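One structure is given below, encoded as structure tokens.
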Amino acid sequence: MKQVVAVIKPHKLDDVKDALKEAGIQGMTVVDAKGFGRQRGQTEVYRGAEYEIEFIPKIRIELVVAESQLDAAVEAIRSAAQTGKIGDGKIFVIPVERALRIRTGEEGEDAL
Amino acid sequence: MKQVVAVIKPHKLDDVKDALKEAGIQGMTVVDAKGFGRQRGQTEVYRGAEYEIEFIPKIRIELVVAESQLDAAVEAIRSAAQTGKIGDGKIFVIPVERALRIRTGEEGEDAL
Amino acid sequence: MKQVVAVIKPHKLDDVKDALKEAGIQGMTVVDAKGFGRQRGQTEVYRGAEYEIEFIPKIRIELVVAESQLDAAVEAIRSAAQTGKIGDGKIFVIPVERALRIRTGEEGEDAL
Amino acid sequence: MEISGADTAFVLICAALVLFMTPGLAFFYGGMVRQRNVLAMLMQNFFTISIVTTLWVLVGFSLAFGPDNGGFIGGLDFMGLKGIGQGITENWANMWAEGNVTMTVPELAFMVFQLMFAIITPALMTGAFAERLKFKAYALIAVLWSILVYAPVAHWVWSPNGWLFKLGALDFAGGTVVHINAGIGALVIALMVGKRKGWPESPEMRPHNLPLTLLGTGILWFGWFGFNAGSALGANGLAVQAFVNTHIAAAVGALGWVVIEWIKDKHPTTLGAASGAVAGLVAITPAAGFVPEWASMVIGLLAGIVCFLFVSVKFKAGYDDSLDVVAVHLVGGILGALLTGVFAVKGVNALGSGLIDGNAAQLGKQALAVGATLLYSGVVTAIIAIVVKAVVGLRVDEETEDVGMDLAEHSERAYVLD
Amino acid sequence: MEISGADTAFVLICAALVLFMTPGLAFFYGGMVRQRNVLAMLMQNFFTISIVTTLWVLVGFSLAFGPDNGGFIGGLDFMGLKGIGQGITENWANMWAEGNVTMTVPELAFMVFQLMFAIITPALMTGAFAERLKFKAYALIAVLWSILVYAPVAHWVWSPNGWLFKLGALDFAGGTVVHINAGIGALVIALMVGKRKGWPESPEMRPHNLPLTLLGTGILWFGWFGFNAGSALGANGLAVQAFVNTHIAAAVGALGWVVIEWIKDKHPTTLGAASGAVAGLVAITPAAGFVPEWASMVIGLLAGIVCFLFVSVKFKAGYDDSLDVVAVHLVGGILGALLTGVFAVKGVNALGSGLIDGNAAQLGKQALAVGATLLYSGVVTAIIAIVVKAVVGLRVDEETEDVGMDLAEHSERAYVLD
Amino acid sequence: MEISGADTAFVLICAALVLFMTPGLAFFYGGMVRQRNVLAMLMQNFFTISIVTTLWVLVGFSLAFGPDNGGFIGGLDFMGLKGIGQGITENWANMWAEGNVTMTVPELAFMVFQLMFAIITPALMTGAFAERLKFKAYALIAVLWSILVYAPVAHWVWSPNGWLFKLGALDFAGGTVVHINAGIGALVIALMVGKRKGWPESPEMRPHNLPLTLLGTGILWFGWFGFNAGSALGANGLAVQAFVNTHIAAAVGALGWVVIEWIKDKHPTTLGAASGAVAGLVAITPAAGFVPEWASMVIGLLAGIVCFLFVSVKFKAGYDDSLDVVAVHLVGGILGALLTGVFAVKGVNALGSGLIDGNAAQLGKQALAVGATLLYSGVVTAIIAIVVKAVVGLRVDEETEDVGMDLAEHSERAYVLD
């Protein structure tokens, strides 16, 4: 099993979710995040004082998938999240040793 | 060392924290999250327009534990977070290569 | 590639970001978190009822770096985030198998 | 009879101010509950306006101020506001003349000013059983309570033929009718619906939005000028006196609460300042048009201290009065009602004179009014709660408590923040 | 001529109340949009105050209430408030005498009271095209609309020489001038600017802060007393009647909306209570000083139910009226204008009598006033929108819609929470 | 002496409006600080009400309006409001007659109306030293400042025997007494307490809740009608004039600020609209009852532009005036005081005539009043701050600044959101 962590633009969440659903992914967990990277943030101005905000609103998605679904999941995210403009975000893949469904105690791929 | 990531129902946080404390776990980091899975969200209605909200409020807990404490930690979370109803959440275990306590610079299991 | 997860004090975020920038790190993703650990929270009092709040506001930083930059990144975070007082937080290092830039599809260290 | 333009302008604006208090109360309470229940709190308060307005027009006003039945309740002559108009009829003037009251504002102005009081009184109760009473149950309680509890007690105290009015009990703007009445009702319902899950140990039970509570406090303070000064029913010296006393008691009430908590708990808090101001306002309500300014200071100070100290009783006694309606409104109301009997002086208002003015008997009358309200409201509220429990149940189920009433009862979420 | 102190006090305070409604409206609307657009919503509303005040002083007041030109528009004699002063000149009094109106407050008081109406009317429209209209475009629309649409329609209905005034169309406080006028304008602009990206399927389009919306509702309700009762232009029995009717319709409007949605959607909602109250207030506006209390109940109830049912039309018809300005203000306004023609009775106000008072013709006059306003405002608004589109464009670009107007248009972020 | 019902109604409601401004100010400021300090901000403002009310009743009112001592300060005859009652005594009337003022409202009404001004003035200062001044230090400063600075300056300007009153300096509603007074005091304390950690480079110093700030703006605007129009002390033509001028200046002030920032910074902002409105309100305060409407436009416009431009001075000069009390209140106040000397015309108010009315000398008097206030308030505030620093210290420790004053000083958290 692998953990896929994707950082995407907030307004792409719905598209990504739909793409993952279509790819047969059953679950994911998301959190609101702020990203720092090449993308320049909108400048904010309060009473004439300018603030270059280096952290930009992002969504962090995390999903654990079976090895067999990994490529489909990554591809689903990539294609749904891509706008082609700077700041589209990243996908990382991390190894997972165990997975467990709290409700039933099922382990492994059954838990996903 | 292992990283335990658990996604649980928000109102179970206190119970889980207490269970982990009892199991001898000294620290953890939590974030507010939204989960997508089998559990159906509450429908929201605004001026007659219904919204099926697919993302449900969850808490994401993350704790790094020594190998020796792993099973105790997983079990503590599982038993405290379980309601038996759909949406209880998941526990994932991920390998950790290094740990470091910022204050002292201690490394490894001493850092936890 | 490695994922560096750091939990730090909120008011240290700017310092840490600057230190990472100087260390040549190009990107990171942060989320607001609450930490449980040795540090005691401020007691809150509402109409005479005292609440010992065990969860303390923290910032969780996550960055994926090339092996070669790992030590520099860890050191940058450690030195910038350190106040020497309890609750400074932790740094964890986790193996990453793949990285992908959504915009371009680049993979591996090029994606960072 | 002639109406006075100045008095009419004043009473109308005051009525608007009192109406504004109910949203104010909603925010005051809403900020103190957990995020997941804030809309439920707002809904109970806003919806009270709808329920009570409808009932008051149909029958409540008549029960409270219609021609008297034995000093206990008004008749049905004014049902649907029959005969209540844009002027002052002889009929109406005569009724008030019996109580030595001269009306200078249109009947409908008096009606609507009183309506605003009828609205806020049941709304005050919502703080006690917050975060667990079914909306359906609350709606039913509000209907029954407004007719069976509020209207009679208002009649006793403010109708020129009410038995407490005739007895000479003093209640300028609603110490008994509003605060004690709501306070005891709130306690009874809170007891019957039981404690919130996790109360009192859970740290979750913290206010979710104190700026919202402070907003409510600001609106309440502002509106309370209408409540108390408007109760003079004219733009005269007495209104000014009530206005000044109201402001002083609120300010000193906040001072009292903050100072005592600073000493006891080591920190002065904004919630303390807000609570103390409201405690001062509650306690001065019955006294506002009867006591001199220095007495308002004393009343405010005592209210701030006593109400603060009383809050801890709920932890010892084990009843879950979520937002301290008992400590603030019941205790503050009783304090104010009794102290009116102490500090009223003829020099301020010819109609009332208390202990320090050489009239010890007044204190007895005040105690009687307090006791009668406690007893009547307590018993009838209990009966209402029993009936409502039987019909629709009082309490939401456990899952609703976990998920929050906003989603489960109202299908809404208060904040959708990125 | 003598001015009346009581009437002046009343009208000034009412003017302050009406001004307070525009921030209230900003919060009512601001709470309903997505977080990323809340400041844009607030800005459009607050800035309307600046734009309209400037124009009204310079020229708008004169166009609306200056010496008549054929019943259609006022002359420029009062430009820059020339001749409008702290008292009542003979000139001014005579102008009103032609319409059988006796003025008892200073000219400037009337001017500023009317100004507050001129402000809120274009502000009402902002809810319809929320979350996508460029600020620059809105500012331009507000300038043009205020002069080309609002001023003439106000003249028709409220100037003693306006053609609808002379015809005897009844509009106590702005059913046609304010609500229908804004409602049809809002619809036209919403149609021209097009749907929001993702509407209606995206679950993102939920209100981001309902307590803010409820705050707006509380302020609107409070301020509406100034709007309707103040329209009596004096502290008299008629003001009291309007006050009472206003309150009743708001309360019953909320009741109506909540009950019908409870039946249909299974849940009573706070947004429903808020919406119903506003619907009731809209519908009673033209009627407040003409109908008896029971009719206010009927009007409020119908408004709550009809406006709720009408909300769904936009989904079927496919126009994106973001915050239901059409369902609430246009439909509520038409309902109120027509029902004024049904329920007006001489016993309440000698100036108006409707169907139930034996004067069926009134209904025709009301329909004519409605139709004329719809036609004129609809057409002129369309022309304005076409012009503005040509000059600066109407709609923000897609990226702005994604990122939010607060950041893109105003360089600000509403909340910076830890 | 007879009191006027209309004037009493008006002044009482205006007093309520002015009281409401202090919570309004709390939200205006509270929205602009970082989340971790919002409650501290609210607390300082709300608690000012308690402190000043208590002191004013005990001694402040007497010092400001008691029988004169050399034009500098009032005597102690009215301590504890002795002799101040529900009517108008001959004594009182005579005192005012010396200044050619005729009082038509109860003494207590005047007292409480003035009290509301005494409250908001120190509260205005809290914006300058926000996010770092100890609560204990603030409380002490408020006590001393209210007696040693506010009361004397109020006496100079508004007591019929004050030296500036006699000199003929014009200050309709508090340009010197309120805004310049608070502005210079704020600057002195801000300088003494030093910069916030991280100022000005940290992006953290952004407003945390602009809708809250806009709410404060709405309340301030609404309340300011009471402030300025109420200063006519009666419901008369002059009150109407002041009301209209106030509204115009606020609206045009917002316009001025937004337009200049739009040009300079490329974006029109909601905070700019809010700030400009307040700047306009500040500048019109001394002038409201003396100048014609067109002059209010000029004053508002200049205020919006000048105050905006002045904000940047703090970055150059290096003083940390957190929320721009200097740029808005000090600069706006001076601008307004001087422009009153320019634009006052006898046609508006027989009591004042300025440069354009052929009375150049008035400008000198205005400058003298400004200078005297700056000097006196500046020096005495500095002494107070030195004393308070010695006794309890001014500044919170670094950890408190990091964690936030809400938690460290008040043991509370503003928002507990899921």
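Letters A, B, C, D, E and F name the chains as they come in the text, with residue numbers starting at 1 for each one.
As a convention for this text, a residue touches a chain if its C-beta (ideal position, glycine included) is under 8 Å from a C-beta of that chain, and two chains touch if they have at least 3 such contacts.
None of the values given here were measured: they were computed from a predicted structure.
Asks: Would you kindly state whether over half or under half of the residue numbers at the chain D/chain E interface are used by both copies, giving same or different?
Replies: different
Asks: Return the chain pair with more inter-chain C-beta contacts, choosing between B-D and A-D.
Replies: Looking at B-D and A-D side by side, B-D shows more C-beta contacts.
Asks: Centroid of chain B to centroid of chain E, CA atoms only: how many Å?
Replies: 51
Asks: Hey, how far is the Cα centre of chain A from the one of chain B, in Å?
Replies: Distance between chain centres: 18 Å.
Asks: If you average the Cα atoms of chain A and of chain E to get two centres, how far apart are those centres in Å?
Replies: One centre to the other, that is 45 Å.
Asks: Hey, what residues on chain B touch two or more of the other chains?
Replies: In chain B, the residues touching two or more other chains are 31-32, 44-46, 54, 94-95.
Asks: Touching two or more other chains, which residues of chain F qualify?
Replies: In chain F, 4-6, 9, 13, 203, 206-207, 209, 215, 219, 265, 267, 269, 271, 411-413, 415, 417-418 touch at least two other chains.
Asks: Assign the assembly's chain-to-chain touch graph to one of these shapes: line, ring, star, complete, other.
Replies: Topology of touching chains reads as complete, every chain touching all others.
Asks: For the complex, which residues does chain F have touching chain A?
Replies: Listed in rising order, the residues are 200, 203, 206-207, 261, 264-265, 267, 269, 271-272, 275, 308, 311-312, 315, 324.
Asks: Could you pull out which chain F residues touch chain C in their complex?
Replies: Result: residues 202-204, 402-403, 407-408, 411-413 of chain F touch chain C.
Asks: Could you please specify the touching residues of chain A with respect to chain E in the complex?
Replies: 9, 11, 14, 42-46
Asks: Which chain C residues qualify as touching chain A in the complex?
Replies: 3, 17, 26-32, 62, 64, 94-103, 105, 111-112
Asks: Which stretch or stretches of chain B touch chain F in the complex?
Replies: Per the touch definition, chain B meets chain F at residues 10, 32, 57.
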